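Structures follow.
After this come two complexes, each holding chain A, first together with chain B and then together with chain C.
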Partner chain A sequence: MVIDPYVLTEVLTTLLLMGALIGGILDVIAALGMIRFKDFYLRLHALTVGVIGGSFYPLILLGLYSMIKLPYPSNYYVGGIALTTAFFILITAPAGSHAIARAAHRSKHVPKPAVVDRLREDRESGVMN
Partner chain B sequence: MPDLRTFIIALSLITVSAVLGYALITYGLAPVANQDLVKLSRVYLGTVFNKSSVLWGASPEVVTSIIWDYRGLDTVYETTVFFVAVISALTLFRNVKITPSNTGRGVGMTVIVKTVSKIVFIAIPAVAVSITVHGHLTPGGGFQGGSTFSVASLLMISVFSLNLVVARGWSKEKLLSIRTLGLLSVGFVAFSTPLIASLLGLKGYLMQNLEKPWAPVGWPAEVSLASASSILVSGTLIVLNIAEFVAVSAGLSLIFITLSLPTNVLEEGGGVAR
Partner chain C sequence: MSKEGGGLGRVFVVAGFVFMIYVVFTGALTLVDLIVGFSTAIVVGVLSSDLVVKNSSKAFELRRWVYLLFYTLKYLTVYEFKAHLDVVKRILSPKLPVNPAIVRVPYEVDDEYAVTTIANSITNTPGTVVVDIDVVRKVMYVHWIDAKAVEDFKAREYISEDFEKYATKIFG
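Let's turn to the complex of A and B:
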């Protein structure tokens, strides 16, 4: 069976766009989580859902989409910028959330039902600063 | 049980994303304006964009050719105002000594943040220089590139500590000299054409970009290198953008370094009574 390349391209780009739409839905979910979650560290989880699910995956999909769909000079330009941005979001988002969580812990913000806090114990006993 | 406020916030978020998604898919919410050109854009396209016009700006980025060519003096005054603002901000802290000994402990953040920032530090100056030297082709320019570069120094202060930045040699005198060098380059470019024209006994204008039929001294619009194709440099625009980049990046970095000094150092140096 011979597959028409035009049909293949259309199906592929439609799938990519639908995947990018899922990223938008994840962004809405992350925004709801930022409002509704109880304490700081749970909201941090919602934040990273928004960054990785709402920015990283859709950027990769849109980069591939523009590489396939756009005319020649601009497809590598737009696609390359999208993939580069996705890479930098991928490496900076965990570092950013790590820095935020560290700052929150150092300012002695502990959620109410916290039972064990080994980091605080280590800090008070002088193992680490 | 979600209250009314949360419900309204969620509904507005969903509305905004739905509207933006619709605009992305259909290339705009509605026909923006009449498709016919208005008179002002007709004038601009006929003069700045038009290569056969006498008033050709030599730049596909019309904004850049307007702000550095058509109203270049205005931009020079803006740069001067920024320079004076930096100088007056530093006058408030004129006796502050920025040395490695009084800039606190050089601890910085954790190794995770430091490792990621090392990768990002390659990217930010590269993007800043790209914004600057593409300023006559795409949106951007010297001020935007310089602001982007100063983000790198701000990030360096917060991640690697101010002590390390100062110990690496980012002293007040050095940054101020680089800043002044950028402003002097802008002045040199502005005065170069009338100076050469007056030496040759011709007519020349301040901040003149390209040569005109009645004022035949100007900067080259295209530079041809060893390869066959020539590069569009748009006369003075690329030189002015680079000079502005140097000035703005050094000035903003110096401001950030000064403002992130410890409070007691600022109070001692500024002569503030405690």
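Let's turn to the complex of A and C:
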């Protein structure tokens, strides 16, 4: 059986678009988590869902989509920008989360509820400055 | 700063990386693009290679690149999928089940790139965020949405043992 390349392309691009749609749904869920969680540190976890599941993966999928579907001069242009942006989101987003969490803890914002807070214990005992 | 790899190797590593990003970003392979990209890459490489690369000989070992590719694929599929599923379940569940804690996670790698890889991998998986790090005592403080263990080494088994294994093979 010979697979028609046209059909194959259509199936592949539809799958890519469906994946990007899942990313949009994850964004909505992340926004929901931002509202439902009542603690700053818990909201950071919802934020990560929005950044990785809601921006990083859709950007990769849309980059591949535009490389396949768009006409020649613009396909690699749009696709390349999407892939580079995804890469930089992946390496810079954790730096932002880390900085904001560290600043919150240094300004004495207590995680609540929390089973243990080793960082506060170590700050109070003077091991960590 | 160690002299292994030499100055030229360091420039080559940084310039190659910058050139690759330039070509992917513009998405074109015309002569003008190649010349502009090449000269920009050389300038950036000469200016910043002393700051960002200490031992360029590691970049020329094929084994590390294979591990990097394998780890990237495994991280982006298996680990991210599991963590997303867990946090999405927690957000959508009516009772909002959380059991958060800030735990100590010790690590054993020396290379700065390896430490950054571990910390970024932890923060990029939903459910764990690195709050602070002490490079002298070699511990990270991680906020964990579901603290299955509060002892240092038990927590490390759950959170970062796999990341650390691959980071050691790639950068260590």
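What we mean here is this: the second predicted complex is superposed on the first by the 127 of 129 C-alpha atoms of A that agree within 3 Å, B and C clash if a C-alpha of one lies under 4 Å from a C-alpha of the other, contacts with A are read in each partner's own complex, and residues count from 1 in each chain.
Note that in this section a contact is a pair of C-beta atoms (placed from the backbone, for glycine too) under 8 Å apart; a residue touches a chain by one contact, two chains touch by 3 or more.
All values derive from a computational prediction rather than experimental measurement.
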Chain A as common anchor, with chain B and chain C clashing or fitting: fit
After the two structures are overlaid on chain A, angle v-u-w for chain B, chain A, chain C in degrees (C-alpha centres, nearest 10): 90
Contacts of A:Thr13 with chain B and chain C, given as first, second, both or neither: neither
Chain B versus chain C as contact partner of A:Val49, first or second or both or neither: second
Which superposed partner A:Gly24 touches (first chain B, second chain C, both, neither): first
Touching partner for A:Leu32 - first (chain B), second (chain C), both, neither: both
Which of chain B and chain C A:His98 touches, first, second, both or neither: both
Which partner, chain B or chain C, touches more chain A residues: C
Touched partner set for A:Arg118, first chain B, second chain C, both or neither: second
Nearest-approach distance, in Å, of chain C Cα atoms to those of chain B in the combined model: 5
Residues on chain A lying within both footprints (that of chain B and that of chain C): 32, 36, 91, 94-95, 98, 102
Residues on chain C engaged by chain A in the complex (per definition of touch): 21, 23-28, 80, 84, 87-88, 90-92, 96, 98-104, 119-120, 123-132, 134, 137, 141, 143, 145, 147, 150
Residues on chain A engaged by chain B in the complex (per definition of touch): 21, 24, 27-28, 31-32, 35-36, 88, 91-92, 94-95, 98-99, 102
Chain A contact footprint on chain B (complex, rising order): 2, 6, 9-10, 13-14, 17, 21, 109-110, 112-113, 115-117, 119-120, 123
Touching residues (chain side chain A, partner chain C) in the complex: 26, 29-30, 32-33, 36-37, 39, 41-42, 44-46, 48-49, 52-53, 73, 75-81, 83-84, 87, 90-91, 93-95, 97-98, 101-102, 105, 111, 113-120, 122, 127-128
